[in-house]
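Next up: some structures, all given as structure tokens.
Two complexes come next, and they have one chain in common, chain A, joined by chain B in the first and chain C in the second.
Now for the complex of A and B:
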């Protein structure tokens, strides 16, 4: 085992970021070094992907005491589910850099981007709940700065709203974590916040477990966001700079889903099963509700915010379907949606960069000016719409399978997903990109070579995952089976 | 033969499409590429696929067993495996042959039609993607892989219909095609999922499905059958999902030819034939299908009688002819339906190409009442259009006659007299509206006619080839009275739904009725339109001309309705209720904060009081806890 590989992946951006902030270097050098750092991290995670073994247990474990007197450990590990999200994060971030390249933001912007990376990968790889909470909160700070300093419109208000909203949600989780720690101490006589220890608690009553379950779920539901905790999203997305919205939509929202699977499922298997119908219902409802709401939005980012909420609701329905189809589909849709939505936000950022911020009706006729951008936009859009041949289709199909197995009627209703995104996406494409209008778009420039390489590389992965999904899925299959059989079934049985 | 060649039938146009697309992007943004290169790359693909198809055809003809090629596991979840797989059996190779053949001729024609167009390379990139998707649909060995092609076809139709995307109307038509097709796809995917859970776990390719489908209770089969048929309604433009097809005329004319003749709309018929093992078990769904087909045929024919746009007339005629095909497949006579698909491909491609030639020649005018008297000026187009019009009108010995007559005969033999009657009546209407088009366009005098545009050979040659096809294509399915062997039924034996022996005298009598009905339609059209006076401006109006206002009704219910709902959700519910609640909760905290803030009044006595309060309550707690 490669000792320290995960730590290196987590902390390299942090260290580089501090060094850059301290040293008297300019914006460009900061940016270039930051980019190289993300590439190194990408290569490291690629090595994890290839060394990853086809088993269901945690790999690349790291385990050191941190605050020993309270049993808080520095504990890291990766399994199939977190591995694909790790690949996703480390692939998307350098790609985002290629698009943010030309934005002449200051040094602090790039340093913040690096800090975000540490936060999200740390939260992803932590197996100790306190450590997880630490990263979970710390990833919010740089986002706070990016939106607050570099955002547009009513940015301070948006920043406050997202921060207070999510911190409030996290507090419930923190209380729940502490409660679990105390319960463990009472039962076993030692302190521990290790996930593998906390799942062994037997003394909690059903009522306590239900409360704790919702303590966790509120934090994650706000982050995802699930109905009715979603209103911060639309405002934040529309006021964020491209980098911020890219990170928020493509990566952070997915960590909410990840948190449910990683922590809520093993800690509260009974409640997970008991409340699954509500979350499946909420998911399918959200899919349609947000999808319809997206249709008449006048701001592209706001529309994508609703679109994201719609897909994330669908993913949530998938993870609560309690079977391999839904779970695998959800894992796959996390990746597919992150890629496509991330790509769309980056492309929208390019349009904003050239033309300024405009409503949809203020755009139009971009296709003639920027053919490469148009093709890239279309490919990302088709993935969102779930066209066969893209990974979006595979994941949506699997979730429909999963929901159908869960309940036939829910499955049939969830098939409406084939109509939901198509209705607003194609209309948007028509108005914003294709049709010529009187609006002046002469300043629109096509993608430069960096951007073309980045976005078409992403498109190639999207299509490869759509044409040969098995090659990407077989590595997470054992993990998913492990969740379902060993954790969920055994958890209920005990 | 190596079965991996099956994949190449699809891959060649796919690769061609990719290369063309990349070259096109290169051409418009970096350095201009000569159109000849595009032409060569574009036309090579369908011809190569056709030749491979012919090789498979010959091999199957010599008694080879079905070819199956499964290069890799597409998806494996929960221990169940879905392969990326291709099946080359008699049905799929039959489809491949005419799709690639007609496709090739349309390619050649399009090379002339699109000459000099700014988006020449892009056009052929889409065209070959269309071919590849259609071939994937046809050659897939499981419903899921078929669905990949199925949706790919829908995407390409979107791209091609909205080809001139700077005009809003074209893009709207493209969107409409895609969304309406997606409504159908919703049905398809529901059918697919149900099928997977009831039988697919034992294997999801057609062979396995065929073996195990009888294990499924009839009620479930009925749902699957209807759900899949909804998919077919979308692709094959049947009531109520036909509305996209007439609008699809927004695309360049070769696109219409491709969509209407060789690809896309035939997919629904093919799908039903492919699932014959399913539909054989649920004849009541088949009957429903046949009725939908009959009414679509009639309904579209009625609308076509009053249209003035040459392409719109042809579009409605396609819906009508597809209706006939669904009559056949609905009644279990799959090979008969496919026979009509086959003949229809020739004469409909010919009609569209002829119409395209006319449109080009008169300078992009599509209203037939502004043409007139083109017979002398376009003799070649005139004669091929005559052949095609006779073929669609069901006049022997042209191809449409044999296939349409066989459908009507089958309907009669299944005691579906209403369907038979509708079919016969529609045949009369068809002859009428087609000859209306023909007479108005080519006969009469029109003094307003301007200079004619020149037609290149790459447009003329395909017309000749297809004219030959439209004449003789019917001979592969000769009725019993003329020939002992019906080649089509022989080739598609598994899909013929059992032989229906008919007395020769009866058969001749039915043919006679068909011919008389067709001729009657022609005569009426002749009387009304042969010497049409172009001096008076024609103004068609009324409910039929306005297509029964179906589009308007749909628009009002679905588009306006959902837009209103969307506004309601985002403005009234989200902003008005949910966010307001969140913010007022927040506001509550702020107020509370202000109140608490007042405690910090910089008054030492107050602080001391709070300190005292804190210490004493903590002490009290300790005393109670420890004591």
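Now for the complex of A and C:
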């Protein structure tokens, strides 16, 4: 049996992880091999990026029977939208590793990180809904382990909370998937869970479709998290180890958005358009609500957790804005935000590593001790607030355009909120990093060479994407057009 | 009379012969538990091999139908169930031998009784005659009553044994009464004859047949611990020696389901609508009650016992769906039984292995920090828990997938939703154990047996099978995977007709 490039990308980390777990090797060797593995995966995905053709259909297809009696296939493929997220994941993870390098965790930590990578790339590339569910659930286990074993504070409670929360969401999705499969069988007489097959179902009533739509949306809304489903977020983020927060915020949350675009949009185009106003509303509300919540936090990690949720709500508003600006901007902001937030959580992790967990008022004067860290921190913050020249600017501008086109008031509100968000980010930067206070920060060390390579590598991509957005945009444009014109039938906007 | 038909009876006869031989051997003082367990194993392996001879194709034979007056039917269905039952016996002996060896009170008769019980279970899935099924059920049950109360110095064991004896006997009487009523109505106790009568007289009054069938269903619901007949199971499971608990929870359940599937599928093709309404509510209540009980347990044995009630509930979902989608629902039951057999046998087996040294009651708290002392054992235990919870990449997920999709296909979306709810609750009590094992620093668990000898090996094989069954055959296409299991389950179903 031939194994394609995508399978290799998915399963290489898994295989390496198992070998490392079984062999009696120490933490350091495990870490180094894990890092090399992620670099190999990065190079493989780079080759996909260059071989990728500018069309709207799935490429690099792999298709093998898995559970034939129910027509379940091991079916993989990549299009413009998933390709850009694949690049994001495979770039971010090795860069993140450079930052996590000095954590004194056991080898299970690194093995779990590899397992997470298999889970997220698998979910990203599967085109069969059962296969997708399979990966979607599987990536929960290593996260469970990472937070539970290596977390701090009330980690066990928060682990059980996030696990139960996400499993609840996924079980709703599972019922919806099964229901779709049965509907397809009743209509066509054969079993299939292929996305391309399930979109052809015509027999479902509008009411059924609406229920199924929400079945899927709950699963994704919990992962993102959208407004009423965010209660797991704060505890989990503050009790996770740095690697866990990094993965959760920079990668897993993005997969929630991805899931909406990949599955909900083509399966329920009518409901997607029908409920778009509510989700745009929810998104803008989340932008403001989480923004205010972020303002009140006394701890950097908690503050970034809320500001991250606020941006994710903004992205959600973008994908429901039903025009090319909003959707392209959302796709772009997924990348920009993942990089910036991931970078910020990693930097915060470094500060925490040196100084212990502290509130914002307990910090200050770090700039003197750690100039590189200060510069990197500033760059990431600028990207988050959308300074021209970073990819944050391009994407936020596009989403705001999209929202303006959707509705002028919504556009004005979101533009203003983004501005306000910028101000509190700078305020934080001033209090925590720049201003010299009486607090003892003598233990603070500057970034070491690996971290500098990691964070400035990230910064280079951020700036490159900000200055030359079309390098990246043209790859996803055909896909976005396909979604808007062929599936949603709303046109690409003016 | 064709003497070649003896081939089909050989597995059953081997087990019976083994039971008698071991009864004699157990009187010899020189043979210790270890040696006896090897002899038992030899008989079981031979029976398994003989049973496997007929594997892979569809057949249905009434061996010596004249002499045995068609009491015994050997078909793919019976062969399939027999192989699970014998495998259950093998695992029980292998995993339990450590336990039996350590607990000095248990003597060689254990193995004889175990084989008698296996004989009863095999007969139960191979018979299509109701009196024979009563006798088979009693052979299996009485051996179990003795096995549970074997350590007569333990008050708890004797009490559990008596409780099971009394309640079990009452439920068996229901089977006898049901048989009598069916005989009164149809002038036969043979399942095929009864089915013929029912389809020939479909316009007539069927009150007696329905009453008789209901009584038999009650026996079945009692034995699989479905609501409202579930309360015995937790006490009995806790009272029994752990390997015997494992044996009861997995193997006996498989046998009972095998019997009732044959009974319902053949006999009541025409009448099964009558029970589907009541079974619908029984399934829901069984799942809810089991989940409710499992959440509050502190002892792992009791948790597994109550979660086994929940699993009975899942199986009943498919049982209800048989109504409209016969083949796929029956197949999903058979597949789920395999999945459940592997997971629960593994979990109970691991518990019995761990508890064998100090004979302590194994609670959640006992596992605090377990992963730091015994990482491999903790990993295997986690696999069993994940499979029981139905998390993807284990066979438990595929089993649940089949049952839920069957329920939706049959139009019982409510049942699927309740099943999902129960699954959701189960995540709590299964993951609690994983969390305890991994998230706490190691406690002073001194006398945990290390990974040595055969029992851990068998448990590891089951863990691997669970993962393999969940991932399937995409990776190595010529190695039997999920598709193979499903196909054999389908063959088993088709051989009934």
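Assume the second predicted complex is superposed on the first by the 483 of 494 C-alpha atoms of A that agree within 3 Å, B and C clash if a C-alpha of one lies under 4 Å from a C-alpha of the other, contacts with A are read in each partner's own complex, and residues count from 1 in each chain.
The rule we apply is simple: contacts are C-beta pairs under 8 Å (C-beta built on N, C-alpha and C of every residue); 3 or more make two chains touch, one makes a residue touch a chain.
The structure presented is a predicted model; accordingly, all values stated were derived computationally and were not measured.
**Student:** Given the alignment on chain A, is it a clash or a fit between chain B and chain C?
**Tutor:** clash
**Student:** Report the partner of chain A that touches more of its residues: chain B or chain C.
**Tutor:** Counting contacted residues of chain A, the larger count belongs to B.
**Student:** Would you check which partner chain A:353 touches, where first means chain B only, second means chain C only, and both and neither mean what they say?
**Tutor:** It touches nothing on chain B or chain C.
**Student:** Mind working out whether A:164 is in touch with chain B, chain C, both or neither, as first, second, both or neither?
**Tutor:** The answer is both, since A:164 touches chain B and chain C.
**Student:** With the two structures laid over each other on chain A, which partner does A:179 touch: chain B (first), chain C (second), both, or neither?
**Tutor:** The answer is second: A:179 touches chain C but not chain B.
**Student:** Between chain B (first) and chain C (second), which, if any, makes contact with A:214: first, second, both or neither?
**Tutor:** In the superposition, A:214 touches no partner, neither chain B nor chain C.
**Student:** Once chain A of both complexes is superposed, is A:101 in touch with chain B (first), chain C (second), both, or neither?
**Tutor:** Touch status of A:101: no partner.
**Student:** Contact-wise, after the overlay, does A:134 reach chain B, chain C, both or neither (first, second, both, neither)?
**Tutor:** Once the two structures are laid over each other on A, A:134 reaches chain C alone.
**Student:** Could you tell me which of 315-323, 351-359 or 603-611 in chain B overlaps chain C after superposing the two complexes on chain A?
**Tutor:** 603-611
**Student:** Need the overlap of the two footprints on chain A, from chain B and from chain C, as residue ranges.
**Tutor:** Of chain A, residues 164 contact chain B in one complex and chain C in the other.
**Student:** Under the touch definition given earlier, write down the residues of chain A that touch chain C in their complex.
**Tutor:** 1, 64-70, 74, 130, 133-135, 137-138, 140-141, 144-145, 148-149, 155-156, 159-160, 163-164, 167-168, 171-172, 174-175, 178-179, 181-182, 185-186
**Student:** Touching residues of chain C toward chain A in the complex: what are they?
**Tutor:** 386, 391-393, 397-398, 401-402, 404-405, 408-409, 413, 416-417, 420, 423-424, 427-428, 431-432, 434-435, 438-439, 472-477, 482-483, 486-487, 490
**Student:** What residues on chain A touch chain B, complex-wise?
**Tutor:** Within the complex, chain A touches chain B at residues 164-165, 228, 230-232, 234, 289, 292-297, 306, 323-325, 328, 365, 367-368, 371-372, 375, 382, 387-389, 393-394, 397-398, 400-401, 404-405, 408, 411-412, 415-416, 418-419, 422-423, 426-427, 430, 434-436, 446, 467-470, 473-474, 477.
**Student:** Can you list the chain B residues touching chain A in their complex?
**Tutor:** Interface residues on the chain B side: 21, 25, 28-29, 72-78, 84, 144, 147-148, 150-152, 155, 158, 162, 165-168, 171-172, 175, 178-179, 182-183, 185-186, 189-190, 193-194, 196-197, 562-563, 565-567, 569-570, 574-575, 578-579, 582, 586.
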